[in-house]
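The two complexes that follow have subunit A in common; it is paired with subunit B in the first and with subunit C in the second.
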Partner chain A sequence: MAAVASETVNLVINDVEIAVPKGELIVESVKRLGLEIPIFCYHPRMKPVGMCRMCLVEVGFKQPDGSVRKMPKPQAACTLPAQDNMVIFTDTEMVHRDRKGVLEFLLINHPLDCPICDRGGECPLQNNTLFYGPSTSRFIEVKRHAHKAFPLSKYVTLDLERCIQCGRCVRFTEEISGDSELAFRFRGASMQPSTFELRDFTSKFSGNVIEICPVGALTNREYRFRARPWDLETKPSICLECSNGCATWFDYRVNRLVRVNGRTNEAINEEWTCDRGKFGHEHYNADNRLTVPLIRRGDRLEECDWPTAYAAILSAFGVGGDKVAMLAGSSLSNEGAYLLNRLFHRKFGSANVDYRRTAHTLPPDEAAGNAPTAIADLELKPSILVFGNSPADDIPIIFLRIRKAWFKHGARVVVAHHGETEADSFADVVLRYAPGTDADLAKGLVAARANDAAGVAQAAAACGVDESRIREAAALLGENTAIVTTDSLLNSASGADAFRALRQLGGELNRYALGANDQGFADLGLVPGPDGRGTAAILAGCADGSIESLWLAGADPFAFGDRATVEKALEQVGFVVYQGTHKSEAMGFASVVLPMAEPAEGDGTYVNAERRLQELRAVLSPPGEAKAAWRIGAELALRVGMAKPYFGAKDVAAEIFTQVPAFRGVAFGDRLN
Partner chain B sequence: MGEYKLLLEHSHDPAYATLAGYQAKGGYAALKKALGMERQAIIDEVKASGLRGRGGAGFPTWIKWNGIPKDKKGKHYLICNADEGEPGTFKDKQLMETTPFLLIEGMTIAGFATQGDAGYIYIRGEFVDAAKALRKAIDEAYAAGLLGKNILGSGYDFDLYIHLGAGSYECGEESALMSSLMGERGMPRLKFPHVPLPTISGVWDRPTVINNVETYTCAPFIINNGGNWYASLGASTKNSRGTKIFSVSGHVNKPGNYEIEFGTSLMDLLEMAGGMKGGALKACVPGGSSVPIMNAQQCDGAIIGYEEMAEAGSMVGSGGCMFLNEHTCIVTFIWRTAQFYANESCGKCTPCREGTKWLLQIMERIRSGGGRSGDIELLQEVCSQIDGRSFCGLGDAAAWPVAGAIKVFRDEFEYFIEHGRSIVQSAESARMLPESPVVAVS
Partner chain C sequence: MSVSLFKDVVKPIATGFGITLKRLSHKKETVFYPEQRREQYPRTRWRHFLTRYESGLERCIGCSLCAGACPARCINVVAAENTDEKRFSPGERYAERYEINMIRCIFCGYCQDACPTGAVVLRKNFELADYKRESFIYTKEMLLESFPGEADAPWVGEYEEVK
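Here is the complex of A and B:
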């Protein structure tokens, strides 16, 4: 319910006159005066429903004679749009009485299990009761009894006794995530939120309902009973589980990550998280974290100290040139990647560095400038073409923006993918093409835009999509279209051709990165130079013996490469540095193992899919002797006499800002040049 | 004054439910006349008639019709609220079963006046006979060119659809009815001033007229005889015009639907229904279960009219008039009413969802002999926390009977709480009690 800013109306709130945008909800208007109206069901990012009645206020209208005529009934401030001459009272006896009344009603069937409730201490119902509620209840009947701790899904537990039926969770799945997996069943005092026939709640954004639940009805199965809110410390963090770079809060206790909550960043995630981001951080606490450097002695990896490990590495990589190579993993910070990249290029004289994990790659001249549309701007695009990816899987938070563009602003959406996607549900046109025919379809769209009937017919035949469909889709596209693709299109053999064709389509062609800091690596130039080898060639070089030493900097080739190829490469290559956070299969091939800190265990900067530079300040300290990537790079640089010492990630960042053109003059939170 | 059969004049005649029989009695003359009139002239006639909504709220009908944009930019819809669920009311059922063409003709006139494209008759799910009668009548009307394209050669197109509800009292609330009609959960929607009026943005966000069955059926008579003629009926009252059908039930000798002219006294209505049965008059709920109960003394001088009944301490409501004799335990009666509302609350808003159940729980405790001093005040407090605070009128409707009964029959509540049993102790009274709870509320 965004207010139209152009026109204002004059309100009187508790005797204070104030001009607010016409149509603004009163619950928002009062905030302008620093007042607060208690709420439960209202959520600023969802349509107001007026269900809980907590926000009742007295409303009157100024009459021509100057008197105020009050409406006979109190009104819900969360649904009432501001109008001229409206007079609002938030502090009358009646309002206080009504608040007490609603809270008494909400509490008669609410169990008094706050002492064992996860929400206790950060619970809107507790807070509102404390500030506005009655001190005692007059209810002496039997309370409602219902399911306690019903597992709604892998992540979410539903306690129906605590539920106050505000509908926030139901509306979230209808309005924001769009899966509509939750709904109310039964009615009256028996009304309860539920999945259809109690099926699993499989939404990819299910974790958000835990945070927006104003009571402890929906709780986090991973966090359940692990801490009380007042025992937790919290620091801002960035989610690095994918390339979206959502703002999060890391709640921790005694240096152990306990839970992740969404943090507001209007440019990226608003306040939402995806389930991968919210529940995918267990690896911080995993038992198989690496804590000390290891060095191979015979067929065993033995503990050693850092200087020993560094010495072994520098001696093995001393051969330099084409005989050494590095693969970088996607959650390496800019600082770590920059220093290692420089070490390879300057000291080892090698251009064999790469981060790309797709089966195919674009030539360097075509790879640049690949995210012209900022995430927040997607919302205002009149049309969006999703091509060759499933955004809810690849780029979940961008998916939410695309959906919002449709839901809130009426964008027309075309989804072209070989499989089903969540975006199909709101697409105007779905183009389901035969796998591998990405380029044909893209050319078909171009042909349809150019009224080239033969071209459309040819494309339709090749990719198995109706000609009329292609024309229908093309008619929705134009210069203002945002085209959303991801690197996953490059796993198709015709992906590169598809990009070339899409470029001719007009509009803003986005190729969003998939890995957390892939976009940063691209902008840092962590790619093979003209004489260097790319990922596939590096693995091949290891296998045929032309590469003698391989550095896995946070990369796990088993996670993306063909198994036999990777195994052969790691077996054949003479020396493997495994710089990682966890034990893994690839570690078994290592000559030296360097324990690395997780991103939030050290300072660093990252670039997200829309090329936004973000700073992450250490939340936790790394386990054992593990070190942040930048520190490993800095210590090696010092050892080979490359630079003045770096005392912190900031020093490295400062150097990046001066040395790397894309970063020049960019402030944290801004997009790269 | 007294009985005046306007809508129900031919309701005893089965032929009236057929097109031929209906036309034989002058049916469809009004539509022919209306189609030759200016649209605004029709609305002006309705304005002159003083017709007010017969569903319960008594809102002036012409204001709704007149509120539909004259400058048509898209579809306009009409809805007939035939979800007659108010306990004690059964007038719409009879109207639809015996005089379906009156409703169809009335809606077509309203449709023409408001440039409506289609009408939806939302019928209570249990009214299968009414739906069947209407289905037959609508089919006949289509076949005769009285519905569909180019009605009577006027160039006006109007389609009429039947939609059966699924058994929720709440869906008789106009905005919940629209939600239900659109395939959503039957919960009320925001209303003016929070959102535009239904006449601007109603069902499917289009301008919508929504009226009760009885309201629409009045339209042919108003057009035929003129608004001023209609307004001459009930002229003795302050602002109630025309006739009103009362569904008289309870302890009367001849329960049934009685159509009276406004201004008739409540006691005359009782007389028409054959007078009290099995005992003297003790109380009356004149307008459906949600209106405040009246005692015999209040009934005595009560005149039927919207303002007049309010002065007598109750409401005309939907016309579900229940007379209760001296053997009735008011506490039990109210307990049963509370049970109904707790069961029918949709659950959307806190006061109604929690409050109706709490009221029922207190009433059940009192009924089972567990009443405590202070319960009466508690009931009143809970009622005042629901009344006017709920999302829609159902909350008010649930609170009024309880608060009203305490006001008028406080002694009966006090007695029940103090003695753990009813003040009424007679064999007849015992026979009235339900054997077991009628509806269990979980």
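Here is the complex of A and C:
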């Protein structure tokens, strides 16, 4: 949203006087009175284009003698800035007639196949027609025909017959996602939104055009024909496919997830989602979900009950100390992670717990204070340095903010990465360095800021970037710069050094987490203590026999570790607990399998990349006997006599609020201390 | 008080049997169900059918409008996509599953009203009693007519329709 203008103007809307910021669009001003103007092409987050003419209003101006002189023709409210003495009419005979006309016109070529359209029931075209449109059409000629259900991409279906040519989808790819993959071809009634030469629509944010299309022209291929809106129940959720924690709606039908839509949260995702989040939740419905606890008998995993599984685990982990270890997976809730962490530290007396999966790690004192810049504040930064990551892949919604900072507020952006990134398209300076030379480039930037010519020359030689480029980039940086790195920087051998060097650059240095709740684990202290072992050391310990029992809490080491190492580790270690949602390869090595609920199947809190604490209330019920992470932790705690019983995730959260300093006094929706 | 043989005994009996005698010549109102069945009013609404087009294709397009209109919420429609190899209905969409819970249904006919293709219709077959609750969930196989026009064909079986 634009900053609030200080200057206001007085206008009259339907006989009510109102003061609004000068230049505000009339379509927004009328909302202040609780009035509604029907719209199609206007979208509050994009520039107005006035293409559909649905928003017509009558406009007049107060004359010096007090009379009102009306303009002869109606005006589009979405392109009309508020001025002094304006008089707006949204409810006159003429306006109603014009709206009927516009709708009749829009429906001329619309197939009206609402009964089989996935948008039917939640369609702005249906709604506007019902409220403002004519009840019949005079058009009896043959309608425009086009290919039905054209697969625009893996996720999006295009039905050209239904398109009303509002241009929202085209503008989204130009203004918001920035890939400009959609454009209009042809003119007049044959105008079609599509990709160039009908190439695949590969945008990483393509799902949003489905939601902003005011008709059923762009529909969701995964949701196709799965339900009608009135079949659905919906609950608020948060997306835990990456660390951004976008607000979403979970739509489900008979306890089965059918689609995910964006939910407005101005602090994080505004209203957008990335495709990973919007289409990445099919694992909820997978056939290989775990539904009952399993225990190893001989070379088979047999079904058992929870008490048997717990008893086996507790006797195996009884050895305690350095002989046991836990690896945590990124979608465990704070509650689940906290309870297991405490079990290890207090009961098993072990500090071998870790969640980090990067090849290298920072020592604890350097790892703290990861994310000083809130996502929403990024757009107000005069300059942004993206270092050592591709934000559209690592942190997609933060990528949209960085782009918005440039597109809307003119931020200068420097992108330093060894590969191509989507952010290159709007960067002022792109620094493409040789892989592994992150630290050299970071030092070069520091040297350039300090006018140390020798330092710059040395860095340039080492990382293969032009000296002048480095200087050019450094000139754009300053105390107000936001530096955006992610944990993937630590996969590079010199990543940790780069991070240290970037610290001297000034500005706000962010190292955003990658996994859904990685930031929460960091703040809960789910890291090895001074005498504990980290992920790599734990796997090595399993392989050499110094660790006897390993707990995989939502973690699948095959997904991040080197194959041979992981296989050796899991083969050698005596006892493996696999606490997970799905069957996987690692499960084959398990001694006990605990079926876990997916995040939206249980209550829990999560911390996103900018350290915002968010609450997720159960949307679905878990399959079979699966349990939410907090419940598994709570039942174990009770069995080892550690706690008063917890009756819900809320009780555990309450304890976290008192026990963990970073969480003290933080409300849901706020950032941690 | 004395009782008069004629006034108090014979006369009332004669009057009573007189009515009976008179009625014997009237038209009979009862029928011998189930050998005989009464013709029903034209708009009688009982058992649902899913009808077919003349071509044999199903009319139902799986749009769930009937389910949305149903005040008893007793219809469940699961749709799927037609392909050229496996085509059930004209167009893109057909009902893969279609179920009506007949115990919940109040036979209001709103589903028939809502249906954009005239697929679901309520017909006159009222003999819907059964022994098990489960058998009241009418599936698509039970509802779909086996040939076009079956829903409107006269009831099968031996009986005489009386006015």
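What we mean here is this: the second predicted complex is superposed on the first by the 669 of 673 C-alpha atoms of A that agree within 3 Å, B and C clash if a C-alpha of one lies under 4 Å from a C-alpha of the other, contacts with A are read in each partner's own complex, and residues count from 1 in each chain.
In this text, contacts are C-beta pairs under 8 Å (C-beta built on N, C-alpha and C of every residue); 3 or more make two chains touch, one makes a residue touch a chain.
This structure is a prediction, so every number in the text was calculated from the model and none was measured.
In the superposition on chain A, A:186 makes contact with subunit B only, not with subunit C. Legend: residue contacts after superposition of the two complexes on their common chain; A:438 is shown touching neither subunit B nor subunit C.
Annotation for subunit A, partner touching more residues between subunit B and subunit C: B. After overlaying the two complexes on the shared chain, residue contacts for A:58 are found with neither subunit B nor subunit C.
In the superposition on chain A, A:115 contacts subunit C only, with no contact to subunit B. Contact with neither subunit B nor subunit C is seen for A:174 once the two complexes are overlaid on the shared chain. Of the two partner chains placed by superposition, only subunit B is touched by A:79; subunit C is not. Contacts of A:224 after superposition on the shared chain: subunit C is touched, whereas subunit B is not. In the superposed model, A:393 makes contact with neither subunit B nor subunit C.
Looking at the shared chain after the overlay, A:149 reaches subunit C, while subunit B stays out of its contact range. Interface residues of subunit B, counted against subunit A in their complex, comprise 168, 170, 185, 190, 193-195, 342-351, 353-358, 361-362, 365, 378, 381, 384-385, 388-391, 441-442.
Looking at the complex, you find that subunit C touches subunit A at residues 61-65, 67-68, 77, 79-81, 91-93, 116-117.
Within the complex, the subunit A residues that touch subunit B are 48-54, 56, 72-76, 79-81, 83, 98, 101-102, 104-106, 108-109, 138-139, 141-142, 164-165, 183-184, 186-191. Listed in rising order, the residues of subunit A touching subunit C in the complex are 113, 115-116, 120-121, 148-149, 224-228, 230-231.
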